[in-house]
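Here come two complexes built around chain A, the first alongside chain B, the second alongside chain C.
Up next, the complex of A and B:
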């Protein structure tokens, strides 16, 4: 039977309808993403300063060169400082978070309430949390110095200012790692431990060969999220120590804010810095995605295996 | 009599016709003449309240309302001003910008030039020359004016009179000087030299447990540490450079010695004293945890106010920055300038510019400057500063006339922010983290030259 006969002629082909539907989204994407991206690339190649009413002058890679050669290598230092912060902060959050999750996995009275209380810091706004910590860190009347019975200059010494940010971040985001670790630990079938016990496997063996590998995918996911989040850290550092250049808390996002909104500077240099940050973020995101794919590939058969 | 053949319009049509008229009556649109208004952009602090009060007097006299829009010092004031500049907006008729922003306002074409207008409408000889130079002129020494003086300000010191006048401390201080073989000895009184100030601060730090010898604005934020270092630097013979030729001269023996001295002063401050903002300095002093506090005059009303400072408001004395005598016997003394000038927005209509200038003229009249001072503002009018009523109005007022003669300021070129960031970073590295003063000063010299060269200010 010829089904095509008698069917009404189509006004538009299927592909045309599909293209028409895509077009509004495409137009929005071009207007709000592609165009600003290209425009800012253009600005990064000029000395455009909207406050000083002069025509933008093309300076080629001058802004990028100035960033690379910035006084005291501030730009590179801010990148390495941010990397170090990611390592230290996420490392501590993972260690503490996983350890607490192991304790919380055991059943005891009031476990639910205890877990809920532990999650509170994560639910606070970073700006509010930063303000609290600012008072706690105050060298003259802060509770931390009182508790330690010390006169540590948390905000006056640049080195201590870095560790103040680490402490505040670890306090705030360890609950996140507890949560993910707990989810990973609770997903491990109890039968595995029972089988191990039958085989007289020791505690360390059970931890090394059952708990760690099976909880790892979830913990790694948490590490990835936290690493990306810490890489763009701004709010806590800003509240604790301001948007200052040349400090031990001048992370990449802080430096970008200081240069972009710091008063008299041209827009060219901060835009060039934003591009460097974009390239670094894309590289990090690609690495992370590849790693996640790898973990998924490794984890899938592990999870599918039955004792 | 109405024509019976003509139907009256339906209720819907009548509503459509009458509703806009009714709404315009209710909202006043179209029927009420708007009162002319002058909008002023300034920071949120006590002097802007005083200006708003003066504005109400001006409205009563002229029928032109004056609205002072106050933005927080914590970034919003700068953001609002720079947004106005960037967008060439006409939101404000008058901008009371920081003295360091003068170059941005002038070179960017945002401030109206007032040179000729001031010569015709303002009694220039009534104004302190320092005020004209630092608040109104750009570039310095060019005799071209873009603002009139508004809130004058300078850095000075508050000290605990009760401690200084205590016989036990006087005797203890004499013993302390003798033990440290300080010659010639000097009494426990407001110091005449920076060296004396350091000995007094050292004494109180060790003699009174929990008390700092001094607190100063030392924060890494914006310009704070640089402002409090400036008087020391200038007194020791250091300088930023020549503001007319833009030649940078900060790399000098004077600056290095001043930086060493300043770092040594920090040994006498509190644990948190190496990173303190202006407000925190006052709070620390009011809490009774410091024998001396350096701050801008604008912060002194809070110290002298019994409501704010019930314990020490009447036990506080004030002195201007001390001097320093170098090896050749030359004595130098300077104070850091604060405060702002009042500029007319160049992007508003000529009619609004004329209205704004009328207000400036009224504001500068001697009688109104007297009122300004009475309401807590700091005037630049010589007669007001010399008047007994001003000197008696507050315990720190008698110092202000002298402070005017010692005032100096930071760069005001459009690149001031880059220059300031370099100073803040290097100065703080020395007294907060023990960096080498020689290297710090060399670094600033190189950076300042590079910045000014890049923007064509020097060859």
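Up next, the complex of A and C:
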């Protein structure tokens, strides 16, 4: 708070230096987020159609009503499908990630490089890897069916297509949970284990009462991040199964793409759907941010303050 | 490592190593198979059992395939693919440089000049990172078509700069928070201007943080798909969009060339990620904790 005190007079005040620093960032973020979102809020209340050159008509909440009451309830279904995907995918990522992190905990030669190699899936493009997964999932000559010794039809309208997305996502993002679990495990003070050793506590007791509770905040942090990202999942589902409606992989973002970029329809309904997704995402984001504040408050009260 | 590690490590060590090896094997198998497929002839890509051993001939029902460089030759002589590869490199490198520069500046501002409403401004910055791309893609594509930015590299650069900006601002603020302000104050008392203090004192100290931030931004810009898909059509198409477009309707997909193009596209980023692994690992954990 007190920096600049005693400094000689400069040709710029503190506040103008600050503005010079943060204004470019804020201006860009406003131009590319706030402005389009306000515009689309307006559009979502009309029957605006960019192809047909007639003046847009104000329809109030009509688009939202249509979405919620849509005959086959595709919208609700896409939301519940997405919720189920989050549950399954993030659950698996957490279980596998935490288990691998436990295995990686003890030091061994080349651990750094080994961990980095495990991170490779995370560095890859979901769209490109998803395209290649289609080859692996191919019903006739796919390596996965051969490996499972089955003739499963992973693509198209089959329920298995959902699980194909789960496999590709879990494969790609488990490394993220490994990293966060490792960070949580590494932060546990060794002295706790030594004390447990003195008390002759068993392995299960140590795991249940030291490892798990102390690593939990970081793992939970990973879970909320993954949940948020999976909730808006688009790339993997789109490349694996396209943007048709009514499929087992028609998640909210996919439905949005199908309706928003699907030809000559009015933009009113898709922007309304975008708002529903936005509201759900912001609700999740608020949870995340609350939780972040909580973790910081517990774990590192000094963080974020100037030294 | 520690007494605990030694006391219990030995008996279970081979078991742990086996489990880790199994995980690594499964996790690397798709990538390995993709690289291998890039060297296959069309006949071998559709053969069962899947062939993954490169050889000079491919006997029936074996795991050997006939090694060929034809797919790479085909991809590298395809001017369109090369142009899309160039688009990917150009857009992701420039947008990363821009978003790291603008984000560092903003991070510095937020870190050193706390002000009323600063927390709200930071919250706003962070919340933009949580927007689903598809929710803003519809209005942005409409906005871009009005501004003539649809299907331009410049348009993509602007957008990528912006979507990485919230991340770079937060990361850089957190990194700069950990550099004592006393250093630059001392430099300024010595008669240096703030800009000089920033360049000579803060910047070198923040270098590891900048590296971690840049690795992350580059990877996300390199791999971005949703915006590229919705905002480009011919000129500014990037590789992720291109590669998926090759598949088309799934019948008679040229898996060999597709794998070759994917390999060419993915190798640089994997190489880069492994080179910068310390920064990457630090960036993931730090980024999650700090926002």
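By our rule, the second predicted complex is superposed on the first by the 245 of 307 C-alpha atoms of A that agree within 3 Å, B and C clash if a C-alpha of one lies under 4 Å from a C-alpha of the other, contacts with A are read in each partner's own complex, and residues count from 1 in each chain.
Note that in this section a residue touches a chain if its C-beta (ideal position, glycine included) is under 8 Å from a C-beta of that chain, and two chains touch if they have at least 3 such contacts.
Bear in mind that the values here come from a model prediction, so they are computed numbers and not experimental data.
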- prompt: With the two structures laid over each other on chain A, which partner does A:261 touch: chain B (first), chain C (second), both, or neither?
  reply: both
Message: Tell me the contact category for A:114 with respect to chain B and chain C: first, second, both or neither.
response: second
Task: Give one of first, second, both or neither to describe whether A:158 is in contact with chain B, with chain C, with both, or with none.
output: first
Query: Looking at the overlay, what does A:201 touch: chain B (first), chain C (second), both, or neither?
result: neither
- request: With the two complexes superposed on chain A, say which partner A:244 touches: chain B (first), chain C (second), both, or neither.
  value: first
Message: Counting residues of chain A touched by each partner, does chain B or chain C come out ahead?
response: C
- prompt: After lining up the shared chain so the two structures overlap, which partner does A:278 touch, if you call chain B first and chain C second: first, second, both or neither?
  reply: second
Query: After superposition on the shared chain, which partner residues are touched by A:50: those of chain B (first), chain C (second), both, or neither?
result: both
Query: So, does A:139 touch the first partner chain B, the second partner chain C, both, or neither?
result: first
Message: So in the superposed three-chain picture, is A:216 touching just chain B, just chain C, both, or none of them (first/second/both/neither)?
response: neither
Touching both chain C and chain B, counted on chain A across the two superposed complexes: 50, 140, 155, 261
Task: Would you pull the chain B residues touching chain A in the complex into a rising list?
output: 78-79, 82, 85-88, 104, 107-110, 218, 220-221, 270-275, 284, 289, 414-418, 421-422, 424-425, 428-429, 432-433, 443, 446-447
Residues on chain A engaged by chain C in the complex (per definition of touch): 1, 3-4, 6-8, 10, 12, 14-15, 17-22, 24-26, 28-29, 31-33, 35-37, 39-40, 43, 50, 96, 100, 103-104, 106-108, 112-136, 140-141, 143, 146, 155, 171, 174-176, 179-180, 183, 190, 193-194, 197, 203, 218, 221-222, 225, 228, 231-232, 234-235, 238-239, 252-253, 256-257, 260-261, 267, 270-271, 274-275, 277-278, 281-282, 284-285, 288-289, 292, 295-296, 303-307
Task: Would you tell me which residues of chain A are touching chain B in their complex?
output: 50-53, 71-72, 138-140, 145, 151-153, 155-159, 241-242, 244-247, 258, 261-265
Message: Applying the document's contact rule, which stretches of chain C touch chain A when the two form their complex?
response: 1-5, 8-9, 13, 16-17, 19-20, 23-24, 27-28, 30-31, 33-34, 37, 45-50, 102-103, 105-106, 108-115, 121, 123-128, 130-143, 145, 158-159, 161-163, 165-166, 169, 174, 177-178, 180-182, 185, 188-189, 191, 193-194, 219, 222-223, 225-226, 229-230, 239-241, 243-244, 246-247, 250, 253, 255, 258-259, 262, 265-266, 269-270, 273-274, 277-278, 280-281, 284-285, 288-291
